[in-house]
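One chain, subunit A, appears in both complexes that follow, with subunit B as partner in the first and subunit C in the second.
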Partner chain A sequence: MRKHSSVAILAILATLALVISACTSPSPGASGSAATANGLCRPIGDATAEETEAPETAPPGSSDLKIGLVTDVGTLDDRNFNQYSWEGALRGAAIVGAAEPQSIVTTESSEYENNIQSFVDEDYDIIVTVGFALGEATLAAAEENPDIHFIGVDQFQAGDDPVAGAGLDNYESLIFNEAQAGYLAGIVAASISESGEIAAIGGSGTIPPVVNYMRGYENGAKSVNPDATVHLKYISDDLAVAFNDPTAGKTFADQFIQQNADVDVLFQVAGKTGNGVLQSVTDAGIYGIGVDVDQWLSNPDSAECTVTSAEKKLTLAVSEGIAAVGDDSPRAGNVFYGADNDGIGLAPFYQFADLIDAETQSAIDEALASMASGDLDPCQPSGLCYAGEADPGT
Partner chain B sequence: MIELLYDIPILGFLFQFVGYLIEVLPIIAPTIIGAATPIALGAMCGFMNERSGVVNIGIEGMMLTAAFVAWWVASLTAQVLPGDPIGPMGMSPALLVGLVAAIAAAMLVSLVHAWLSITVRADQIISGVIINIFAVGITGYLNLLISRSAPPSAGQFRAWDAPAFLADIPVVGWLFDALLSQGPIGLSLLVAVIVMQVLLFRSRWGLRTRAVGEHPEAAETVGIDVIALRYRNVILGGVFAGLAGAYLTIEFGNSFQGEMTNGRGFIALAALIFGRWTPLGSFGAALLFTASEGIQRAVRFGPPEGALGDFLSSVPSQFYSALPYLITIIILAGVVGRSIAPAADGRPYSREKREKRAKASA
Partner chain C sequence: MVRLGILPAMAILLALVVGALVMIASSPLVRGSLDLGLPLTAYGALLSGSFGSVDAIINTLVQATPLILAGLAVGIGFKAGLFNIGAQGQFLMGGLAAAAVGVATAGLPPIAAIPLALLAGVAAGFAYGFIPGFLKAFTGAHEVVTTIMLNYVAIQIIAYVVSGPLRGENVSFARTETITSAALPVLAGRNGHIGIAFALVAVPIIAWLLFRSTLGFEIRTVGANPEAARYAGMRPRLLTILTMAISGLLAGLAGATVILGTVGHIPAAYATGVGFDAIAVALLGRSHPVGILFAGLLFGAMRAGSGLMQIQAGIPVQMVNVLQAVILFFLTAELIVRYLFRVRAESAEISELKTITSSYGTGQAVK
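Moving on, here comes the complex of A and B:
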């Protein structure tokens, strides 16, 4: 009898799926298949990625630079920030002909110092640290180790002079103009929206790059449609939830879409959490816009709804930083990447190319040109790019 | 009439809030239930363990392992066994294989926990901690290895199309509709909660489990094999952890990320305590936890009008997030209706000790 009841428990659990299947009719819709795109989404079809031009490389072994990379909390394969910085390090190493770089993946924010120190102890020549959060630790390490060149991704150096930053010769920060990239995404969003109601979901309002993307997006959207309703929402101030929790991102975006049914374009600025946001977009069948990297490529599960992405050219920037060291002309201070040096941009539109009419394309081109020349400030008219304080979370 | 209620000072505020809840709950119910499902399933795993006297804080690790295995095995299988769903709710062969693999993986991890905490009589907290740390490491590492040739995901289970008449039931129709419009894992949670609740209090297995959890020595004297029962329950608990993990990667979502469980296994333990170690109670607790977050989001996405909206919007969002845990602490402290753990929870059972004690008293 005792045996019997335990078998019963197991049987109930194991066969439940079958029981349910017996009393329902098969529902249409294959899962995850590209042929059945929802709503506004479109099957990927023949769209393919363009080949990136391979950079000129030096023969391996022609340089003895040792290159190390410390990631932010997450993984090297996050299909996002860490990954593309890492690819930049790989490409930079190939350009100068150095040995393959080594990486340390940070699992807790308390480990930043130790992880950087491990490369210092091993006499590395170039240490790349990925992410705003590693800024303090990188600055401290750069001050202590003047012989090692530090490249910080997304780490703005405060200082009297915005270009010289902290004034160290061995610390360069790669700063991307997120507001410009967001501005371009906003132009696209407002142009393709039929309802005139669009949204952006950011990880946390305490992270400057996130806020800049969101504000640029709002301004860009208003530039083509002044009457557009632009919702800007932040997920959480808990950074693990904000950037590393796709389940939380999907829950957040699902509910947002349920409560704002008219929104038909959603821009995600939330790292891996944002992959959940894009999944929610895919389920709802509305347009999605990716962030930081070309998410049509990096996040194939949502590619059929991903119209474009607001890109930071991380791979380009990191590899240029390493190449400069290889040329004995290391850069220092804040190195800005924006519209003027191809440091930001929009990813290809792939299967949505015909959605972008001539008018929209010219609006994008004009905005790029005027941002490159400095005539257009993507933080205006709202003037609310990150200014040292957390975004209150609208 | 309703305006009159709303105008009452202070109390009117409360009425307005209830009115707001009535308005938004039907809209946000699917999100709340979706977020509660992995937590409730994790709590069911904890329930199976702790009711028979084994503390399990390794639920988080078991869920993470299962989440990874479900996603990985499903996407591997999809390459060998492609094909359309063979059943309702998008049940493709790949997803079913992934689900079975996830359950098997979690049962295997549970077996390790059982061996450490029952046979070896190791500290059960440490065993759980080891499982959590190990799961983060191994899934992160394997994910790193395979992501270089990232297989496309196998997709996910779809929600059941609940009969339309459910939603038409007055007053509570939305609740039935939201509960039943779920995929196979979400639905099995509902069945499991009810079945386990009945079994716990109305079956021979339930009586024995409770006896072993409260006083294993007494249970042994009446002929219950404490060791075997604990083994069985801990391993069966793994089934629930497996479902919880699979839910994250092949039902609710369709991708795996390192450390994606993000504390849900621990929240499950809080739900278990809050729910007084019963299946129904922990399911309710999980719903309450996620409803608190859901209402916080609802206020931000569409606050109620008037003074109530201003008030709710001015409450920091962190307060809503912390609320369920504040209540858990209050309950643990015994302020409102004390929640008492099974007496033998976390105490390894030793047959020799019982025999020695019996001899000593004889």
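Moving on, here comes the complex of A and C:
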């Protein structure tokens, strides 16, 4: 009898230990914290992030808005797309003084509708859905529930008018001009490359924003160095591998770097998988460029090789959408974020600031200005971007 | 029958206990302080999200449908001593074929379009299961290896076909056109499509096939002892091919019901875990069709309730994976459970666990 119960406790403890150890993610390689960086990389030194201006917030409890967020397949703490949208929801909730938002992480492509419906059933007032793949489910839910405000990240609404989109009062889509952000990254890459051979590694070629980033990158690079060799590679069409698998990203990038030894700048466009690409960049000692968010901050393991990041201001856009609802002036249709409203841009260069000479800086500024005015199409000349992703003015 | 269910039931119970401990241990992160009531909140939400209302029950059935069908696929393989890890690929190919035919038959009335699209899905699954069966029977290529590899092939085929020839017009990302007349009619609630009935009907059919038909007897005999089967005049090669093909057929049907009944199109990159969860379902159901029915319902309920669990308890969806994993852990660590609950060992039956443990390293051609 006694023997049995001790075995029982042992068994449960052993299982628990297994489970808990499975929960904690493996710590990154030691290369990130090495005192001297290898190759082109540089120790972070005393570079620090600028203080971001804290938004004006209402006292908690001053709004009874219930805010929910549904992600695409992936995880909430991807240090990337989902996470920064989530932080936008948190910030938005703080601005309007609402309770902390809740989230549902999608695990299966067939589940978008159900996950949105879960929030509807629980009487939520604002539902943020992250990713273009949720667009149709969000549109359908918005039509069905006119009293709930929907915010779709990356969900272009087709319609007669590109700004009005689907024409619903309660559905706003946040559309970022990835091609513009990619274009700026391309200018930086071609300028700092010594070999004239640069690359971008994307998650999957079936995902419009990924392709747009990469097209812009190529065009931007060619604009400062027409002879530059720009490799554009895609990791996998299996979404889980393409965006949620840093190990796969590292393996892919390792092989790529091995086979293309002259490449000295690598731009990752692969979400969490891309964090593995940056790890590989760090190991190889070449320049890396992050994507979507400031990865110098979000992915400190590779910060010493991350020159900059092509940013979409997700947190800003989501929080503005929520704040507008709090002000009783909800937005609708396609809301564009691009060069003209600081919706995209480059992250700071931190310890690499002196790498960006005056010429490069002025190329960046000029491109930014002419993209803002609509004179420069980042999708040209190498080909059109996916429909709906380009600024309507261009 | 009842005896067979004891071990799985105990494994589920233990998993709930371990899950509760994990939730309590992680509650400082979720709630800010140690919260002994968190497991109750979480399990309560899981329960009300899966059985708390008519809509919830229908949703559980919808979630369970592909798991039951794919679980039967894996289970029938186990009965023949085959470990079909390729349910995932067969599921995807079934979904792709159903979507392709579903789009092509948009001009036909539903009464014709639905059977055609379903048939396409079933046929694609059958063919995709046939390949590893054939390779195993005639070259000795182990089905574990070939089916895993074919899963990746399926993903790439879909990506190619859907971003190329099958890509719909006027859609903002790579996916097929929306399936119209071949879409499975919704009979109950918000999403209770007729595909649920396929799973419920498949269970007795597969039970009959396995336990009442000559083919089933032969399948089980080959699984138990291929030498004896051959001595008795059965043809292990043919049976290997046939079992894998039937297995693929069921997984293909699962894919077709999800695409035609829930999604309405197939995207170039379709994320799913059905094919792998099906292995867990088959193990938990001990490869018996009725057991698979209940296991599928359990896993379906967990999927259906996970949304509410995330909203109400703030527990991440990974908790469901933890529960499933711990159930499997205790199922495979059979001895621990027997010891804990003093359940005596069953009589020698064809054990699906034995198939898994013995299927590695026996890569010889079926003679």
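Here is the rule we use: the second predicted complex is superposed on the first by the 353 of 394 C-alpha atoms of A that agree within 3 Å, B and C clash if a C-alpha of one lies under 4 Å from a C-alpha of the other, contacts with A are read in each partner's own complex, and residues count from 1 in each chain.
Definition applied: a contact is a pair of C-beta atoms (placed from the backbone, for glycine too) under 8 Å apart; a residue touches a chain by one contact, two chains touch by 3 or more.
In this text, all values refer to a predicted model and were calculated from it rather than measured experimentally.
When the two complexes are overlaid on their common chain A, residue A:Tyr217 makes contact with neither subunit B nor subunit C.
Contact with neither subunit B nor subunit C is seen for A:Phe176 once the two complexes are overlaid on the shared chain. Within the superposed three-chain model, A:Asp301 lies in touch with subunit B and out of touch with subunit C [touch as defined at top]. Shared-chain residue A:Thr251: touches subunit B; no touch with subunit C.
In the superposed model, A:Gly276 lies in contact with subunit B only, and not with subunit C. Of the two partner chains placed by the overlay, neither subunit B nor subunit C lies in contact with A:Trp86.
Once the two complexes are laid over each other on the shared chain, residue contacts for A:Tyr350 go to neither subunit B nor subunit C.
In the overlay built on the shared chain, the residue A:Leu76 is in contact with subunit B and with subunit C.
Within the superposed three-chain model, A:Gly205 lies in touch with subunit C and out of touch with subunit B [touch as defined at top].
Touched by subunit B in one complex and by subunit C in the other are residues 12, 16, 20, 75-76, 105, 107, 236-238, 240 of subunit A. Across the interface of their complex, subunit A is touched by residues 14, 17-18, 21-22, 25-26, 49, 55, 59, 152, 155-156, 158-159, 162-163, 170, 172-174, 190-191, 258, 262-263, 267-274, 303-304, 306-308, 310-312, 314, 316-318, 322, 325-326, 329-330, 333, 336, 339-340, 342 of subunit C. For subunit A in complex with subunit B, the touching residues are 1-2, 5-6, 9-10, 12-13, 16-17, 20-21, 24-27, 29-33, 74-79, 105, 107, 233, 236-238, 240-241, 244-248, 250-252, 254-256, 258-260, 272, 275-276, 279, 299-301, 393. Remark: subunit B residues 24, 27-28, 30-31, 34-35, 38, 84-85, 87-92, 95-96, 99, 136, 140, 143-144, 147-148, 150, 152-158, 160-161, 184, 187-188, 191-192, 195-196, 199, 203-205, 208, 232, 236, 239, 243, 248, 252-255, 257-260, 262-264, 294, 297-298, 300-302, 317-318, 321 touch subunit A in the complex. Residues of subunit A touching subunit C in their complex: 4, 7-8, 11-12, 15-16, 18-20, 22-23, 68, 73, 75-76, 102-105, 107-111, 113-115, 117-119, 121-122, 132-133, 135, 156, 158, 204-208, 236-240, 242, 386-388.
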